[in-house]
Amino acid sequence: MPRLAYLGPEGTFTEEALRLLEPDAERLPCANVPAALAAARNGEADGAVVPLENSVEGAITTTLDEFAWGEPLLITAELLLPVRFSLLARPGTEIPHIKRVYTHPAAITQSRAFVARELPDAVVVAAPSTAAAAQEVSLPGSPYDAAIAAPIAGEHYGLVELAGDIGDRTDTVTRFVKVNRPGPLPEPTGSDRTTLVVFLADDHPGALLEMLTEFSVRGVNLSRIESRPTGDGIGRYFFHFDFEGHVADARVGEAIAGLHRVCGEVRFLGSYPRADGVSPQIKRGTSDTEFAEAAHWLARVRAGRV
Amino acid sequence: MPRLAYLGPEGTFTEEALRLLEPDAERLPCANVPAALAAARNGEADGAVVPLENSVEGAITTTLDEFAWGEPLLITAELLLPVRFSLLARPGTEIPHIKRVYTHPAAITQSRAFVARELPDAVVVAAPSTAAAAQEVSLPGSPYDAAIAAPIAGEHYGLVELAGDIGDRTDTVTRFVKVNRPGPLPEPTGSDRTTLVVFLADDHPGALLEMLTEFSVRGVNLSRIESRPTGDGIGRYFFHFDFEGHVADARVGEAIAGLHRVCGEVRFLGSYPRADGVSPQIKRGTSDTEFAEAAHWLARVRAGRV
Amino acid sequence: MPRLAYLGPEGTFTEEALRLLEPDAERLPCANVPAALAAARNGEADGAVVPLENSVEGAITTTLDEFAWGEPLLITAELLLPVRFSLLARPGTEIPHIKRVYTHPAAITQSRAFVARELPDAVVVAAPSTAAAAQEVSLPGSPYDAAIAAPIAGEHYGLVELAGDIGDRTDTVTRFVKVNRPGPLPEPTGSDRTTLVVFLADDHPGALLEMLTEFSVRGVNLSRIESRPTGDGIGRYFFHFDFEGHVADARVGEAIAGLHRVCGEVRFLGSYPRADGVSPQIKRGTSDTEFAEAAHWLARVRAGRV
Amino acid sequence: MPRLAYLGPEGTFTEEALRLLEPDAERLPCANVPAALAAARNGEADGAVVPLENSVEGAITTTLDEFAWGEPLLITAELLLPVRFSLLARPGTEIPHIKRVYTHPAAITQSRAFVARELPDAVVVAAPSTAAAAQEVSLPGSPYDAAIAAPIAGEHYGLVELAGDIGDRTDTVTRFVKVNRPGPLPEPTGSDRTTLVVFLADDHPGALLEMLTEFSVRGVNLSRIESRPTGDGIGRYFFHFDFEGHVADARVGEAIAGLHRVCGEVRFLGSYPRADGVSPQIKRGTSDTEFAEAAHWLARVRAGRV
């Protein structure tokens, strides 16, 4: 039974993601993303589950930076989790009683319409996380009457769900990834994603175009690009890329070897099955078979057998 | 005397930036970036000063998103402000007395070495902002002995600087921008920057490469690219671009007109003098003179005068 | 009634092309392509009709070079003429009598199968042109029994067609163009072609890719590219381009103005209706309407009206 | 002692090229380029020497087409031969006696100034080749008084050189290549050239740009591109490419394997030492060492050893 660290405390969306990814794992809640990844790195845990991006808030920059700078870890799975907020309270509380609500600022932003409509007179106070809000509300002497949090937080802290799915948008999604210490990669499934980080050797104009061309010329489609500061001053960035395919695919291998040649440093962050199960459209001339045929032809040409 | 809103409370780095950008302006502190921009939009203020990115933390995503989605505003100036943290306390406090320190999490991260060395036994508690931390510490009954904040916060709240420049890195910089409601643009200076936001009409593979080619073919160098979620699900992004030059430059104008044609929507966010004063290298064939000559030649060709 | 020079003598395929392009023109046969173009340039004729390329033999390099180097001329029309060879002889001659055949080397190559099958014992002798061959055969004391030439040559020289359409391929086509001294261009028809010549300022690696990018970024499709030596040594070339569209089209105008900016010298050779009547597929963002909208948007942006 | 076919008759520039390339070879003159290549293909000769391009006249299209369509041959050497024309006559002839000159049309064009100045009253008649002209002049009853031809033709046919180097330009050069039946390639020398032919699978717009990108992304510089008709109608072309480097170079191998994947058919025509001895500038990231390092890195990544 693997032991997986995650962004805690108990009752976070990350815990929910971990349970879906690895129902049987032992769960080790950690105070923040760096702590969860440290547990995976130092062997305290076998791996970790952390959020990578959210369809409303964007990238979780702490995760991006930790992946880029710390000891290498490999993403081995991903999960897309719909973000469903519930209004949670101690048993016996009814909506008209609620005067003070506690939740994370992102949840405040994302459930603004519900609060305005159903709790027009309530004060909403910012908490460090939605799970921490639920935990606080569960305490007998809490100054808060309700929390906005994941349904799972209610289960954990003995709260009752007064209203479910109260977010303004019903399609908000967070993408979580499971990471492990380096080891054999997940097998290609035909519907895979690869993630990597690129540091530029020299930040010349056109460097980004050059990188994208390494992908496009091999028919590899990018699905995400994020720039992050290197720390060496405004205007110095490194890049996170997600793209279609598995590093075992010939076109992906040649593309990232090309990046490795022309960029300063490339850190491979994993190839793993896509959560959405979508298979890429293989552009003419970029299938494994076509790569193999071309390699065979090239070997003949080099031997003068034309 | 213009009235400028800014990310408050008094004593923030943003206030310091505002004072440097517009020493004579009346200053209107606001609770957060959206509030400051709202004041600029609704006329309560003539403009606003907000942070855009930091050389360690990266983009201020709230600012990026507000610029993309709200009523149009134009960036009219930028400033690069070195981030210098001070250890601030009530008069009479000495370093050995300090047991509890209050500051913003980014400051915790960035002054970790100082705290470990000089305040090994102190507890550091997270505050909503460095200025709020200073304000809290200034209150007589405060449970905190010291704040880590901008020097300007000490002046505002009557605190004494026990140690200056205590950040782990001495080269951390935040980039601030001044925005105004749409109106005549700052004149080109020969060392300008232009910022815009692009929403894709359809998110086909290669769309980003296509956009970058619109810039590169006219010799316009990008200096920053950020992707942000559109909110419509994982995998749907829009893009923030900074690039060299002024929209009055022929090459910049043609490049962004090209973007406008091939992308879904382009929002222009301003052309303004670069804070670093660097002049771009003009690639052969992309100066205003060469554009004018080519236009003249084309007019002759179209008239059959070859 | 215009007077048009052409590649003579009477009875050439070029004469046939001229008759189709301008049935009512007065015809001035010339000894070769430079002579025909000289007549158009010096006013002896109002224009000229010359071959530009053949679907089997390729470019007529004399024509390409004359267009590039001499006084400017503009292509105002094109014609695709199927190449049909006939076996022509003096009246009374029958196929079994034919011992010696006279024709141009290209015609020898292209009617090899017919000759082998029908005239296995005949000697085939090279003539300066197919029309000259017909003319020679028409002379009473000619040592030749038959000519292979255009049907029109038979009419001219009083020869009888013993066999028609004797070429090995039935789909060979020659493209002819009519040129005039510079003046108002043919109106755009929606199915136009533009031709130009580009001399590189400096022959750096990637110059050709750079040129093609100027076209592709504006959605202009090339239909022909030819490299020709500049005369300044092996490895120094200039380029002939044919592409879809009329220089009055916004996308074409911007593309060639771009070429003008980044290349050494661009010589415009005309925009004229395509002989095949094919209309180009307009890539998204490159129609005249979209160019006009983008220009309008840019003007607003530059005025700060966003 | 190898036996090499060449474009005859004796006394052509091609013979001179052959003697420089292979001084000890047995020489087999042939009537034309196809015949010389046929001799190399069918084993009558061990190889052949033929002209490929001239710095004034451009490509020798017969050679290009023969290389593309016939049985495969490999270029194993190249030579750049300055074109020097001499005025040759039977012993005893003096310039003032010369009334009729015989030579190839290209030589007529290229020695126009000399003839106008020194032989203003002479009639110049077109011959099938310069060597044939010399041969004809050498016959006792010849109607011609002099030939313009290569100096070597004078030696062959017992003529006297009345004037040397009479061309209008002194820098005209012809590039010759030696071809052999397929077999081991010449070793890389660090200053090599590779030649190939590409047929497009489908002639979509942008196909040429796609091909050039396969080269440029691996830092391979093109030195020559020629389009030739496929014979299937105007607008259908195939392409001849010369580029820097040897197919044994990693960057060249990957580039042409890329072409092979995305194009219809690629015919390799050889890698061989450059006649000009120029070494290519290797773009960052494209040396063999960098390719090997990237391949090593990729192997580690695929094994999960990051």
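A few comments on the model shown:
Per-chain residue numbering starts at 1, and chain names A, B, C and D are given in the order in which the chains are listed.
The rule we apply is simple: a residue touches a chain if its C-beta (ideal position, glycine included) is under 8 Å from a C-beta of that chain, and two chains touch if they have at least 3 such contacts.
Which protein is which chain? UniProt says A, B, C, D = Prephenate dehydratase.
Model, not experiment: these values are computed from the prediction.
Shared contact partners of subunit C and subunit D, listed by label: none present.
Because subunit A and subunit D carry the same sequence, their contact can be compared by residue number, and over half of the numbers here are used by both.
A straight line joining the Cα centres of subunit B and subunit D is 60 Å long. Taking each chain's centre as the average of its CA atoms, subunit A and subunit B sit 26 Å apart.
Multi-chain contact residues of subunit D (touching two or more other chains) are listed as 213.
Within the complex formed with subunit D, the residues of subunit A that make contact are 72, 74, 182-185, 201, 213-214, 217, 247-248, 253-254, 256-258, 260-263, 266-268, 284-286, 290-291, 293-295, 297-298, 301-306. Partner subunit C is touched in their complex by these residues of subunit D: 53-58, 61, 80, 126, 128, 169, 171-173, 175, 205-206, 208-209, 212-213, 216, 221-229, 231-237.
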